[in-house]
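Chains here go by letter, A, B and C, matching the order in which they are written, and residues are numbered from 1 within each.
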Amino acid sequence: MTAKTNAGNYFEDFRMGQTISHATPRTVTEGDVSLYTALYGARFAVQSSSAFARTIGLPRSPVDDLLVFHLVFGKTVPDVSLNAIANLGYAAGRFLAPVYPGDSLRATSEVIGLKENSNGKTGNVYVRSVGYNQRNQVVLDYVRWVMVHKRDPATPAVEPTIPVLPDVVASDELTVPEGLNLSDYDHQLAGSPFCWEDYIAGETIDHVDAMTIEESDHMTATRLYQNTAKVHFNQHTEREGRFGRRIVYGGHIISLARCFSFNGLGNAFKVAAINGGRHVAPVFAGDTIYAWSEVLEKLALPGRKDVGALRLRMVAAKNQSCRELPYKNEQQGYDPAVVLDFDYTVLIPRGSD
Amino acid sequence: MTAKTNAGNYFEDFRMGQTISHATPRTVTEGDVSLYTALYGARFAVQSSSAFARTIGLPRSPVDDLLVFHLVFGKTVPDVSLNAIANLGYAAGRFLAPVYPGDSLRATSEVIGLKENSNGKTGNVYVRSVGYNQRNQVVLDYVRWVMVHKRDPATPAVEPTIPVLPDVVASDELTVPEGLNLSDYDHQLAGSPFCWEDYIAGETIDHVDAMTIEESDHMTATRLYQNTAKVHFNQHTEREGRFGRRIVYGGHIISLARCFSFNGLGNAFKVAAINGGRHVAPVFAGDTIYAWSEVLEKLALPGRKDVGALRLRMVAAKNQSCRELPYKNEQQGYDPAVVLDFDYTVLIPRGSD
Amino acid sequence: MTAKTNAGNYFEDFRMGQTISHATPRTVTEGDVSLYTALYGARFAVQSSSAFARTIGLPRSPVDDLLVFHLVFGKTVPDVSLNAIANLGYAAGRFLAPVYPGDSLRATSEVIGLKENSNGKTGNVYVRSVGYNQRNQVVLDYVRWVMVHKRDPATPAVEPTIPVLPDVVASDELTVPEGLNLSDYDHQLAGSPFCWEDYIAGETIDHVDAMTIEESDHMTATRLYQNTAKVHFNQHTEREGRFGRRIVYGGHIISLARCFSFNGLGNAFKVAAINGGRHVAPVFAGDTIYAWSEVLEKLALPGRKDVGALRLRMVAAKNQSCRELPYKNEQQGYDPAVVLDFDYTVLIPRGSD
C-alpha cells in the first residue's frame, strides 16, 4: 500500500531543468471577482465595470491581475513550497494574455536554480512559474525563490546554480492588452484626474487608507486561491510554532496595498510586471496594514501615445501610518514596521495632448 | 507636484446645485448576489430563485434592492461623506428600474441643501443621489443628509437652505417592475401564506431571528460595496477614536433587519421606497441585532389588483430581544437598545379574490 | 390578526406520510461555487475547472455535491428542525442529476418515522428529503432524523414508527453522471496518481491538513445555505444556552473533512451516496478540525470499466491530529476528539488496463 498523501517536495527532490505540471486547474468566475472585491475593496474602474472596460476597447472587465497571480501561485504551493521555510523573492514577472471570467487556468513551474545553504539543512529553490489559459496562452510568467528544508542534512550538496535575473522587466517586454484604446478613458468615472504625465520619478504617495486583518479574511482569501500552506490555517499547530499564531499569506498584503494605492494611483489600472518583491516581515490577524508608493521610473511604451507605464515601489507597513514613508534605516535594514517591499510596473493613461 | 490622494470634501467644498459624478462604476454580478446571501441569509424567493422570478413575469431574479442601495451609497462616500461625522437621515428614496446581474451601475449626487451648525465647526449637507444602469435608466433615487466637518471654522457661514422633503413616498410614485404578474405567485414556495389583505395598519411583528456581527462580516460587506469610510476598517486608529473600535456601516444593519423581517413578512418581496431612516446608535462587532416591524399604512396601487404596498417601520435593536418592541421612551428619546429606525415601503401580493 | 412568524413545527405537528414542500427555492450560481471554494479550499479538479470537466464528458464543472446537500438541507430547517435539539443521523442519501450553475433547486420532505422518547418531552422525527432542479429531476434524496421538542409534554404519545433504513446504498443504486467518460482523465492535473485499483478495503489515510474555524466562517457558510437554525447565529442567547456559545452547523464539518480528504483521495471526484452519518460532538469557533478516512468497501459499478466506487468512513476530530486515527474506545464510545463519523461513497477513476 502506497502512502496516498502529498508530503511535498524537499530540497533533494528538485533537479535543474525539471518541469512540474501543477494540479488543480481552475476556472475563474464572476464569483471569484466578487470575492476579490469583498476581500480588498478594489476600486479600479476597468476591473469594476464592464461598461467602463468596453469604453477602452476591452470586451468586458478583465480579472484583476493580482487575483490571477494568487491563483497561479496557489497551484505551485503543493509542489514547490509545502516544505518551505520562507518565500524569499519574486522577479521577472510579466502579465500577458488578460484573463476574463470563464477562463480556465493551469500552471507549470521549471526549476531554474538550486543552492544549498551553508547550514546543510536547507536550500534555495528558484522556479519560473507559468500560468496558462484554456487556449494555452500564457497569462502570467514569473520567477520566485523559496528556502526549502532538506529531507536529510546528510545528503551531499548539489552544484549551486543561481539564475541571472533582471532587476526590472524592460519596457519592450511589457504587454498592452490587445484592442486597448484609452482615447475615451473617463477620468471622472475612474476617480482620478492624474495621467502618466502628472507623475514624476522620485515622487512619493502615502495612500492614507488602511485595514485591519481578521483571521477569517486572510484564510478566506488563501482558500479562494487554493493555497494549501499549513501555516495560514492551523492554529492548533501554529500556537506551538515560530510565532505562536497563523501567518497571513504574503500575497494578501500585496493585494491590500495595491487596493489602497487606488488613493493616489487611481488610473494605474493594470499591473504589467512584477520586477521584484520581498515579504520583509510576517503579518498576523489583528495587524493594520498601511501602504505608500514611490515612482521609481517613468517608462514610455513603444508605439503608444495613449498609455505609459510607471515603475513603482510599493511599501506596506503594519500598525504604523505611512505618512513618514517608513522604509529602510541607515544600516539599510528595514524599518521594523515594514512588511512588504514590492517593485512593480503599472499601465496608466497618458494625457491627450 | 500635486497631492494625488483624495482628502474628501469639507463643508466649504459643497455648493447648492452642484452635481457630482461619482467614481467607480460597478457591474453587479451573480457573485455579488451570492455574497449578499452569505452575508445576511436573505430568503425572499423572488431574489433567491430565477425559476420563481419567472413565474411572476420577471426575466430572472433581480438583484436585492438593498444591495443596489449599498452599491450606490458606496460610490457617494468618497465625495460626500469621507469627512462626515454622522449619517443623519434618508428620505424620498425610490427604487425604479430593477437591476439584474450584468448591469453596470454608476451614480451622481446633487447638493440640495446646506446648513452650517451653530458651533461653526460642522455643517449639514443634503444630497439627492441617483443610481443609473448602463442604459442610463434610473435604478434608485434618494436623499440623504450628513454632518460634515468644516475645513476651517473661520469660514463664514453660507445662507442656510434646507430642502423640503416628503414624509413618505406617495403610492402613485411607487414603481412596479415592468411585466410583473403575481397571479401565479406560489405562497408555499415563498414561505408565507400572508397577503396584503392579511396585514392591518398598526400591526406589529417581532421578527424573532437575530445575528451576532463579526468584524470580518461587516468589513466584507462594506468592502463589497466599495464604501471607503475609514471608521469601518482601521482598528489601529479607531482604538484612539470616539468609540475605541471600528463602527459597523449602518447599511449593514438595514440589510440584517430586512433579512430577519422575512420571518413575518415573507411575501414582502420588493422594497419600493425608503421614506425615512435614522441610524440611532452605533453598532460594533460582537453586538447581536434583532428587529421588529410595524405596519404604518396599507397602500393600494393605482390599477393593480395583484399587488399592494405596505409602509413599514422597521426597528433594529442590539443585544436585546424585540419581543417588547423597543422604540422610544416617554420623552420621545430612543430606547437605548434601538440602533435603527427605518420607514420604508414594500410590495406584497394581494389575495386572489 | 394572525401570528405572522414561523414558530417551527413541534413533535405533535408531524404526521406519518405528511409531505412538506419547503420554502425558498434557490438558483445556484458561480457565486455560490466561489464561496464554497473560499470557505473550504476545495481542490477536486472536476469541480474546479470547466476545462477539466469537459475532458471527462461533462458540459462544465458541476456544483460540488456537498454544496447541493447543504442547500437542500437548509431549506428543510424551518419546517423540520427549527425546534430540534439534535440532528441524529443520515441514511440512504443518493446524488442523482448533477447540478450546474444556473439550476434552480427546491426541496420537499416526507415524514417516514415518528417515535416519542421515554421522557415524554421530545420525539424523533424521520424525514426523507428530496431536492429537485427546475426540470423536476431529483438531484438528491436522503433520510435524516432529528430529536424535536414536544409542544406539550402532556400530549399522548403517537404509535411509534421507525423506518427500515439500509446500512449502505447498494452499488446498483449509485448514479454515474450521464456522458461521463474517464478515458482522458488527467491524473497529473487532478493532483493524484491513485486509481480505484490502488486502494484496498481496510486502508486508512490521515489527511494531514487541518483548519481552525472562525465564527465568521461558519456563519457565512450557514447563511449561504439559508439555514436559519438560531444556535449558529445568536451569541446573545447562546451565551445562556447549553454550551455558552454558538454551535457550528454540522454540515460545515462534513465539507471541511471532505476538502481535507483531497490529500489522499484526490481523484475521488464525486460523492455518489451518503450511507450514514453522525455528528458525534459539537464544534465551536476556535476549534481546529482534522480528518482521516478508512476504505470500507470497494464497489465495482455495473457495466463500467472506467469508474469504480469506494465506500469510505470519514472521521473528523477537533484539536487533535488524526495521525493516530481517533475513533472509538474499547467500550465503543467515541474518542472525545471525534466530532463526525460519516459513511459515504465516492466515484473514482479505474486504471486504464
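Criterion: contacts are C-beta pairs under 8 Å (C-beta built on N, C-alpha and C of every residue); 3 or more make two chains touch, one makes a residue touch a chain.
Everything numeric here is computed off the predicted structure, so don't read it as measured data.
Superposition of chain A on chain B using C-alpha atoms only gives a rotation of 120 degrees, nearest 5. Homomeric contact chain A/chain C: same residue numbering on both sides for under half of the interface positions.
The distance from the centre of chain A to the centre of chain C, with each centre set as the mean of the Cα atoms, comes to 36 Å.
Residues of chain B in contact with two or more other chains: 29-32, 34-35, 214-216, 220.
Here chain A touches chain C in the complex through residues 1-2, 4-6, 21, 23-27, 29-32, 34-35, 78, 101-102, 104-106, 134, 214-216, 219-224, 226-228, 230, 233-237, 246, going by the rule given at the top. Listing the residues of chain A that touch chain B in their complex gives 29-35, 37-43, 45, 48-52, 60-61, 188-192, 194, 198-200, 203, 205-212, 214-217, 220, 263-266, 286, 288, 319.
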